[in-house]
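Look at the two complexes coming up: subunit A is in both, with subunit B in one and subunit C in the other.
This part shows the complex of A and B:
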């Protein structure tokens, strides 16, 4: 009888042995090595073993009896250390075995990030029973904490299992959303929400710096300085095919062991199967293709013909209650078309990608009942032309209703606040409508909802529509852009009311019609999110217009302008010298004094930006934000310092205001001025906020304009001290930040909400004024930073070309 | 004939962003979409020469930063009412590296 030796008792080799023995039990005399001290088991079920839903005994696929009955010699717990292909022997830790045919089924090992502390006791992977046992033991201590590095399939199954065992679990994921290779951002968002609902903390864009501990793991530190105490750290960042043995034996190995479609390696007597193989450039990490390989290998071993072909794969997550599915290819394409369906109320998201008349990809979350049907259509390349319009509703439903754009409002709970000014909840409004208030005017009169600032008007109308159904005729409102039917005001309200804290959260919960928005809605959403959730939301540079992404004004020829701050219009000879030097050094074609009391360097090349900023930073200057929807300038006059008419220190107050406000993001740009007397040399009466100094104190005016419209400021208040000017100004700007529509200057916004309401919020209600100032300062704790210095330190590569082929060709 | 050149790692370009490659015939913008697809187009808007690499990337499109024309990243064709087309170059991702077909880009400069 021919001698067959198999290295590795894994899922692939186990399946191959079954096929072989079923077809011909007498073909080979078989020896099976396994480094793990046990035989074949269903590795993928380690997840339910970890969560306690299954025992290890339940997942064993081949027990001692099975090996005995089929005459297989087992050498479990023994690693194969080398192979002598000349003598045709396999050398194990306990001795040699000769072979006629040899199978590699060595699988993969977990990839461990080589960060400091990765070898501390308490750092485990999730690959075998030992890892699983280490994790369940760690969870036995009450209050124990786990950090899971990696938010892919394995990491999330580990996290869910540990959480079910009562641990405090944090998942760290490097990408912007979970399972980014299988899911798009919308599905990733829903998954994250589901996991958070189970009490798992998820940190995305979290980069591990080190694991620390004295003799054993005590915690993980991230690159951004976050410190996470931990009793166990699970690394689930990926797998590496185990190919060292094959390499040492001289077999052809690339990313894994090269095989042909019959699973034969570069040596005709040696085969490989499972995760350790590379076939036509593909490596494998899911069992479906491994089972196909196993079938082919068994045939090859019996001298029969069969061919392995790579098929489409689908992914599901084995976490009870998280229904997700992804299959095929869902990248964008010119010839591709997306069909998106969202049901925010049920947390359902489905996306189909169609090319020609075929379905090529599908992602679904929350409702995966039809996933097999869709997967079948993808695999078979079925013609879907006939059902295109109704395809997304699945096999049972061919002619369904559209997603209801009002569903987001319908889903709000009764105690959700609709009118923030008057504290009116949805339940109050619904009650009023049922009691006979069937139009906006009546609701306003009976509940006071939308009777103050009016920005919730759209929302009140939607509550009317949801409650009254067809009896209510919605006034036509201007939607934000083609991606949604909601207005800016609706979106702002809903972001607050439903606590939407990320871009995918908004797209999903508010039923965006596109996958990731457009150039109109993305900058607006980015502002709304950072204004409402300064601590939770991370500013998204890619959703900003180029000027704000690169902190400079783009010119018509693609160059940029650079404008440092000159606080209150004051400069020094040293600053002027540094500006002059920079202009020389970077060949700046135009140096101009602006209308905002500072100096503009125009025509700087994009790639020179970080360098010129660095020079200006070194001379003590920071960005003038001449490009931002944020604080621009505070113009001043010379005031009491020099002027014979000056009544107060207008220059000093201007500088204080600029130092308090710089860096803040606002719906549109904000400009201030402080004049030392009513002669008004700083033109304060046409600014967004303008202060006129008088003998008795300060006159604070707001809502002026001098651009496309010209309008005089309106008096907000007369105050006595500089501190009051600072407080009133910050409160006014925060109110503007929290309520205005993106790209409305303050004068347009005040015209909508009325100066009386603004006064009530900022002047009359003292506690509210303080609360506004506090919220402004909270936001400034994040944003009052020089973006130039930050970009010089962190974002520099963005400014340089990724490659230079001009040089390459010359070489 | 194709001439695939490794121009950098996928992570070197932010998602929904772009970087440029300098070539003898001007800059080529290499885009990375929200789905990690890459596309290479001339970095010159046919309208008034705007640098497309500085635009906002959404779905499979980019909006020119100067006057908001929108281009399909696959075909380089202007969308909606605007008319025009940008030259495109083959690009793909393999093992996390971006490969650009530089046949037209390098050959000419070497000549």
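This part shows the complex of A and C:
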């Protein structure tokens, strides 16, 4: 009988032995080495063992009896030291074993990030029973805390298990959303929401700086300075094939042990199977291809023909109650088309990716009933042209369901606030409708919903439609874009009411029809989110128009204009010299004084932008943000300092206003002016906010225009002090930021909501005015900064030499 | 596995009944009474209006109800229960949205030996607190449980609450160190089944059945997933988890068991939407009685849990 030695009692080699013994139990005299002190168990079921939802005994695939019955000599807990291929012997810690055929099933080990502290006691991977036991023991202390590094499959299963065991768990994930290799941002959002509902804290874009502790783990520190105390740290950032023994044995090894389609290594008597193999450049981590390999290996060992083929894979997460599915390729591509279905009420998201007439990828969350069918279509490369329109509804489509435009409102809980002005919740409106208020007027009269600024009118109508069904006829409203049936106003209100704080949250909870929005809705959503949640939402540059991405206005010849800020239109000889020097240095063809009292450098080449910004920064100037949907300029006249007619310090007030407002993002651009007397040299009466100084104080006007439309400002209030001007202006701009439709200038917005309502919010309600100012200042704590300086600081390393290669080579 | 000891013992639950609404009353649909025929007879002669007796109270209050002393209570069959040695009962209403489908009532005898736990946990101020529970002889464990609360996601009750799905835990007292583990271990509690109990009020309730080796609530537990989001048009249910003293682990990741509508006791639950209580021959793995309870979610029947003795 030929002697077969197998190194590693993992799932792949175990399955190969099953096939081999089933086909010919007498073919080989088998010896099985395993470094772990036990035989083959279903390693992928360690997660439910950790959580307590399975016992270890349940996941043992081959127990002692099985090995005994099949005459397999087991050498468990014994490491293989080396292989002598000339003598064809395997040298274990306890002695040699000769082989005719040898199988490597050495699997993989966890990749440990080599950050400071990675070797402290209490840092564990999640690969075997020992790791699982270490985690269970760590959870035995009440109030114990775990940090899981890695928001992939394994990390999240560990996190859920540890939470169920009673630990406080934080997951750190480097990418922007969980399981980014298997899920898109929308599915990642739902998964995060699901885990957070279990009390697990998820931090994305979290980069680990160090693990610290005195003799054992005490916590994790992130690059951004966040400090997370921890009793155990689980590293689940990936796996690395175990190939050292194969390398030492002289086998061909790349990322893993090279095998052909029959699982034969570079030595014809040595085979490899499982996570330790590399086949045609692929390495493997999921169980399905490993089992395919095992089948092929068994046949090869018996001298039969079979060929291993790499197939499409699908992903499942073993966290009880989380239903997700991912298969194929769902990267963006010009030749690809997405079909998206969302049901906010049920937390369902489905996305199919089609290329040509084939389904190439599928991502599903919350409803995975048809996942196997979709997976079959992907694997088979089936032609889906005939069923393209109904494909998303699965194999049982009966001509029914379409995405329901009312789904987002139907899904709102009763305590969701629909009318922000009057604090009216959905439940109040439903109760009023049920009590007989069956049209908008009656709801307004009984609940006051939509009775003030009116921006929630669309939502109130939708609540009427949801509650009354066919008895209520919805008036047609202009949707935000093709991605949704909701209007801008609806979306703004729902972002607040449902506390939606990320783009994927909006897409999912409001039932977006596309996977990630379009060029129309993304800039608007980006603004709405950063305006409503300045501390939670991170500005998304990709959702901005090119001028805002480049921090400069692109010109028709592809060059850019650069305009430094001049506070209140005041400059100095030094600033003028710096501007002149920059114009000379970068060959700026045109230097123009603008209508807003600034100096614009036109015709700057794109590649010169960071350098010219830096030069201007060094001279003490910041971006004039002449490109932004935000504060542009505060134009002033010279006021009492120089003018015979000046009544107040209009220049000083202009500078104060500009310093308070600069950097703020608004629905559209905002221009201000302060004139020192009613002669109005600064043309304040056609600005978004215009202040006219008079002997008795200041007249604050709003909602002027001097562009496509020309309109005089309307008087918001007359005040006595500069501080009041600053407060009224900030409150007005914050009200505009919180309520206006994206790309509505203030005069258009005020026309919609009415000046009386604005006055009520800003002038009459003192507490509300202060609250608006406070919220504006909170936002400015994030956004009152120079984008040029930020960009230069961020990109500076790109311009520095990478390394001194000459010196490194010498060392 | 701790529950893999299959010796005849006295059972923790002695009587299981299914009461269903008929007009404005609850009538007995099925019952498993063992040898307690006098109590069975008394029960079959009884029906309950809304608010009347234990089943009627579970209906009117629309939440699970634990009753630990019959004398002087609203319990209607006190005399027959006393004669049968039954001292405590738990009534679990089964709601599909606002509609009552049935009330499952289990009755237990208290002899100072039988250990186990049937607990009702309710959400209060963002935590899951013990509403009430019946523990038999496990008095210390009862005291510990009364002084325990569960945040979302933690322990069996917190896990069920957060995941909105039934969960079956192994080795409550040893391998799995949940918050009450030490006391559970001392009480001999081994296997725990946690069930989300939806109510029309929207208040979250979790029912747990904690089974002890010596006086088991059941020797086989099954969780069937029947959600449309999992099964789609094919309907029926798939065995998501299960463990059996006679057959070992029942789950199979690669080819899980399936149940079709109307096929077998689980199929009966899927077809009728009502709890099933079966006795006699033909029950899986040679057991003599089984209870299968439907659990409803937002989209109708979501899970079926079954326990066998």
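By definition in this document, the second predicted complex is superposed on the first by the 768 of 811 C-alpha atoms of A that agree within 3 Å, B and C clash if a C-alpha of one lies under 4 Å from a C-alpha of the other, contacts with A are read in each partner's own complex, and residues count from 1 in each chain.
Keep in mind that, in the parts below, a residue touches a chain if its C-beta (ideal position, glycine included) is under 8 Å from a C-beta of that chain, and two chains touch if they have at least 3 such contacts.
Given the structure is predicted, the values throughout are model-derived calculations rather than measurements.
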item	value
Touched partner set for A:545, first subunit B, second subunit C, both or neither	first
Touching partner for A:232 - first (subunit B), second (subunit C), both, neither	neither
Which superposed partner A:758 touches (first subunit B, second subunit C, both, neither)	neither
Which superposed partner A:523 touches (first subunit B, second subunit C, both, neither)	first
Which superposed partner A:369 touches (first subunit B, second subunit C, both, neither)	second
Which of subunit B and subunit C A:346 touches, first, second, both or neither	second
Which of subunit B and subunit C A:554 touches, first, second, both or neither	first
Contacts of A:330 with subunit B and subunit C, given as first, second, both or neither	first
Subunit B and subunit C contact sites that coincide on subunit A, given as residue numbers	none
Contact footprint of subunit B on subunit A as seen in their complex	176, 180, 184-185, 330-336, 338, 514-519, 522-523, 541-546, 549-550, 554, 556-558, 606, 797-798, 801-806, 808-810
Residues of subunit A that touch subunit C when the two form their complex	42, 44-45, 51-58, 136, 139-140, 142, 160, 163-166, 197-200, 319-323, 345-346, 348, 366-370, 394-396
Subunit A-facing residues of subunit C, complex	1, 151-155, 158-159, 162-165, 167-172, 175-179, 228-234, 241, 243, 248-249, 251, 253, 298-299
Touching residues (chain side subunit B, partner subunit A) in the complex	5, 7-8, 12-17, 19-24, 27, 30, 33-37, 48-51, 54-61, 63, 65-66, 68, 70, 72-75, 98, 100, 102, 105-106, 109-110
